[in-house]
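Take a look at the structures listed below.
The following pair of complexes shares a single chain, subunit A, combined with subunit B in the former and subunit C in the latter.
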Partner chain A sequence: MNRGRSLFAGTLACAILTLGLGGAVTAQEPASIKVGYAISKTGPNAGGANITQIPNYQLWVKEVNDKGGLMLKSIGKRVKIEVIEYDDRSNSEEAVRAVERLITQDKVDLLFPPWGTGLNLAVGPVFNKYGYPQLAFSAVTDRAPELAKRWPNSFWFLGTSKQYVDALVDLLSQMRKDGKINDSIAMVSIADGFGIDLSKAAREGFEKAKFKLAYDKSYPIGTQDLSPLLGEAQRSGADTFVAFSYPPDTVALTDQAKVASFAPKVMFLGVGVGFPLYPQRFGENTEGIMSLGGWQADNKATADYRAKHKAMHNRDPDYWGSQVGYSSLQMLEQAIERVGKIDREAIIKELQTGTFDTVIGKIKLDNNMPVKAFPLIGQWQKGFYTGVAPAGPGMAAVVVPKPAWKQ
Partner chain B sequence: MKPAFLLAASAIAVAILATVPLYANGYELSLAITLMNYTVLATAWTLFSGPTRYVSLATVAFFGIGAYTVAVLAERMAWPWILLIALAVGVAVALIVGLSTLRLSGVYFVIFTFGLAELIRQIVTWYEVNVTRTLGRYIFVGIDPADIYWQLLGLAVLVFAAGILIRRSRLGLALRVIGDDETVARHIGINTTIAKVALFALSAAFMTLCGAVMAPRWTYIDPAIAFSPVVSFQVLIMALLGGVHRLYGPLFGVVPLVLLFEFLLARFPNHFSILVGLAFMLIVYAIPQGIVGFVERILRRRGDAA
Partner chain C sequence: MFVAAVTSGLVLGGMYALIAMGLTLQYGVARIMNLAHGELMIAAAFAALWLFSSAAVNPLLGLLLVVPAAFAISWAIYRLLLTPLVRRAPNRDALEVDSILATFGMLFVIQGVMLVMFGGAYYSYSFLAFPVTIAGATVAANRLLALAFAAVIGLGLYLYLTRTRLGTAVRAVAVDPNSAPLVAIDVRATAALAFAFGGALVAAGGVLVSMFLTFNANIGVVFTMKALIVVIMGGVGNLLGCLLAGLILGLAETFVATFVDPGLTLATTYALFLIILLVRPQGLFGTASR
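For the complex of A and B:
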């Protein structure tokens, strides 16, 4: 018995010791700035985290360290960044604990946010309790304005679903006014947070703008055969087809619409249209397809960003969240250098009130959210995913109707 | 050891555990919450599955019901009422499910319970999509981690107390007979259905309350978060590692596994799944009766030798 128990106790003691050692080192003058993040490396969120978020973190850290680190005025020299990363396994409880661990055990100076709406909300109270800035750029929530008030340290770069729907409705209203489309719309949406939020906002928006919803259906996650939905949408006589879909179904919808030669005048699909794999898979057939996000074609800064991203990761960034995420990191960098030391309260204050130079242009936040800082609706035009709404400088004219499929 | 001594020792242990939030930092408290959460779940699991030997993967079905009830009712009524309603819903579902499925046995029961969590998740999703048209609910209640920890500790005390009382009752004896041979149990006049369903519902009640208590930690809940099948598997493996033929067995699985997961996540974030898989294989091959069974066997062997 003694052997069994002492073996067990020994193992336990070892585990606890190793766990505790992480937080032991402290120094007077910072040898490095510790940046920590817990992100989904496994589980259902891993795909999104890997496309939009992790490559940006790696790129930004490399760039800052290549410069010699972040310039801290208070000590008059550059200090390199050291990264500590954990896997939250796409699980809220793991994410909360990992962030607590980063703060209290690893004593990180700064935190990067996790991926997705659910996890950003889960860790929100912890970021807030310890006063770390939370620059969320993969969360779309209608409660963003309220959250920014509740947690003044939290920043919601992608904004609310209403914002996107408003831009889409304005765009469609203009097309109808120009006589390019009729006033009926067919809409399908995935039965998950994103699809439900956006379709709900869209339903209200379309009704207000006096559009007729000729077809409105939701489908469960993992649906592979979407051709019945496409058939119904086609028969509904609507000129506009709107799908609030996730990447796998976005690809399936495109594939199956092509097979059925269903080419509505306006084809708007959900997440995935801006992913690098989309043009790889559909080539010229992407022409005219619309979705969320979008880039400005004549912006040299984003083109440079894309080149750097490609050089480091050997693939393109995504055309919605990536550039916004990278910009948020640039803002963080500028805020730290202006403050000149790791004073999180002052950094948050600077983020709330300052104006920043980023790859998507000058950004000044309003209630912790950017205003008209990046395109909300984009369209594939001649092999480039260009921003078309909301109306303003740098937006391309929208192309209607979408050309027929090249089989 | 005398019962009075054991009782006093347990009371002292609980009192010591209750002071943890007073000096633990945020992370240590988080870890303590995770330990307590899995202690309640794995012990509640053992309450039913230990004596009856029915392997259930429905843990997260009830855990999720508790969490989701909180998400629906948060900000609408006082906390104790929310807990009571969650409890009622959990027990009601357990009774319906128990009555209709405890006739199944062996692998059929395992598969059914696994499907149950998915079924409930799909029903909730369908309802939210088609009726309320919101998926993903926000929980803003003023419950801090220390409160969650104390509630979990209370639940843990209750689950152990319930387990001890049952073991000493006629119900406990009946269940042990069922576990050994259900046909014999029926022949000697035990109403096996009532015994099994009652215990299934009791075990489910603790799981539901555990989910309800944990929910305020996450701020945001959708069906995928509430009904994540990983929870069921972790509870199962923790209970099996500790040993299910003793009520305190799972404790010896929960503590090392939670610490092991934590260690692997921190040191090898990119290889976590592979290492956990290896650890599970090691457990199944090296200590099939769990840690408690392993220790008891060594004890017996020493006794024989002496």
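For the complex of A and C:
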């Protein structure tokens, strides 16, 4: 009985091996291009990953496969994409392990990045070690220029916190010059990567532009009542309220500011203002609220992208990282098709030097980062989250003061 | 400023008490340390959101649907999933360990179901988000409502447990499940009832906080942690203690945020928790022996 079974198993194993070998011999023409990613499907990062990143991956893969796949010149035909996905549970060790597994065991041809600054930094060395392009579009870090030099395979689409702060400071300085706001600012920030980085850059930027920080405090993650902070900010007499917050607090800050009838002339909030739930929740009351990112109202390509996104996922993309992320995938697609085969070194080279057509316009990277390719500061104006800074073509004029709340 | 701090502290504390009451009942009487507490709460929040956004059911009416459903589901969970553990456990401590493991598993099941149904994105809706002025301080109506519910449920259940026959039976089971049958109390039925009631309270808390908090399928553990602190501070199984502990935490956090530094609120919570554990390990209202 036992012998019979092991004989059977042996035969089966041989058969599988033979089949496997047979497959390998004909593998000159890849049956598919394997794309792998580890992303936070659960844990604290899941909220952001599910809005900005996963829908873009799904949309892009579907579009490419609907076309018949990626066109590889080297074999003269289109090859479909096959996706391997892992959950990194918002944990950096898990993310590193999953990426290594994707590379060494699943033998993927390409990798997509994880969500957030922390995890992108965590997996950076692995991407670099195996020479996979890392097109990070949900990471903001002041170390981006340095990282791009150390890991030439890494691309930092959202740039540095200084860029955003500089754009904000320029905008505020102009308002002060026009006599629209006083020179005092109240700032709150979340005590986590994003809040710490941006508030540090902002502190320096505001000081340099001779703004006075009338209130400057940080609060821990998971704070469920922000009314004490809003009360202090209101009493500080500042015309400008700046919060580097995460989505749950961004919503809570808006809600509680409205309840307290605290309508600063400039209200700048953090991540979440560009999320689809924000206008759903606050409707007309979003008018005048500012944040990071922003779209150009007259850009037909992004409007089409939005429609496709909505058709597939039944919700809008977010107004900061989504369009940039989708553009980065378009760039990857064009780079692969220009190279004509899965030659990661050549693809990285093409990404670094080529010029690409994307939904946000033509992009050519400088030191692995886009330059003035998309709005850094946006503002809700008549139900559209429009880009207002840095100054340049396609930017709308900023509206100050923010209108009073409609209760 | 002082009045504002007091009112927002009380309102925040009311929310803390509300989310902890269900757990104190489940842990105190049924002796089930329900680690899936926060997930059940978020499930109720999703139920309220779903009723509100797809069927336009007012969340307060939604309570009438969600709370009885949670009662029935919790009762079924106790009967099907936890009764075998209760039967097997040689003593209370063993049951506590077993229940922690079982509910830890349940946490992932509930979270997984919510992830499949709603994905990991954030959800939020607006209901009763208008300002109410009390003694010169402004608070949101929905948060005030949560405080009112917490006070009514806390006091009401406290009176029920201390003044009625069934309430006395529940307390008897909490104090000594081995002797309770001697006075003709059906321990298992009473424990199941307490667990189901706890589940109903959790659901009520979930529906109420969904009116003002932004949540997603992964956020439950945050509430489990907070609830655990409140339950242990207030004395396990004591609803009045739970209410007071919640209010104390809320006030302490708000005062620290207003007058010292908002960055220290978490530190304050844990410092208070440590002090109580050192000085009164049985909690504010707990009795020293089990």
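As a convention for this text, the second predicted complex is superposed on the first by the 381 of 407 C-alpha atoms of A that agree within 3 Å, B and C clash if a C-alpha of one lies under 4 Å from a C-alpha of the other, contacts with A are read in each partner's own complex, and residues count from 1 in each chain.
Here is the rule we use: contacts are C-beta pairs under 8 Å (C-beta built on N, C-alpha and C of every residue); 3 or more make two chains touch, one makes a residue touch a chain.
Fair warning: this is a prediction, and the values are worked out from it, not measured in the lab.
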Inquiry  = Contact-wise, after the overlay, does A:R281 reach subunit B, subunit C, both or neither (first, second, both, neither)?
reply    = second
Request  = Considering only the touch criterion stated at the top, classify A:S218 as touching first (subunit B), second (subunit C), both, or neither.
outcome  = both
Ask   = Now for A:Q407: first (subunit B), second (subunit C), both, or neither, which partner does it touch?
value = second
Ask   = Taking the superposition as given, does A:P44 touch the first partner, subunit B, the second, subunit C, both, or neither?
value = both
Request  = Return first, second, both or neither, reflecting whether A:I196 touches subunit B, subunit C, both chains, or no partner chain.
outcome  = first
Request  = Quick one: classify A:Y130 as touching subunit B (first), subunit C (second), both or neither.
outcome  = first
Message = Which partner chains sit in contact with A:P228 here, subunit B, subunit C, both or neither? Use first/second/both/neither.
response = second
Task = List the residues of subunit A that touch subunit B in one complex and subunit C in the other.
result = 41-42, 44, 191, 218, 220
For the subunit A and subunit B complex, residues of the former touching the latter = 1, 3-5, 8, 11-12, 15-16, 18-19, 22, 41-42, 44, 85-87, 89, 91-94, 96-98, 100-101, 103-105, 117-118, 121-122, 124-126, 129-130, 143, 150, 191-193, 196-197, 200, 218, 220
Task = Spell out the residues on subunit B that touch subunit A in their complex, using ranges where they run on.
result = 25-31, 34, 37, 122, 125-126, 128-130, 133-136, 138, 140, 214, 217-222, 224-225, 228, 230, 252, 255-256, 259-260, 262-263, 265-267, 269-270, 272-273, 291, 294-295, 298-299, 302
Query = What residues on subunit C touch subunit A, complex-wise?
reply = 1, 4-5, 8, 11-12, 15, 111, 115, 119-126, 129-131, 138-140, 212-219, 222, 250, 253-254, 257-258, 261-263, 265-266
Inquiry  = Which stretch or stretches of subunit A touch subunit C in the complex?
reply    = 40-44, 46-47, 49-51, 90, 188, 191, 217-220, 222-225, 227-229, 231-232, 235, 247-248, 251-252, 255-256, 258-261, 272, 275, 277, 280-282, 315, 407
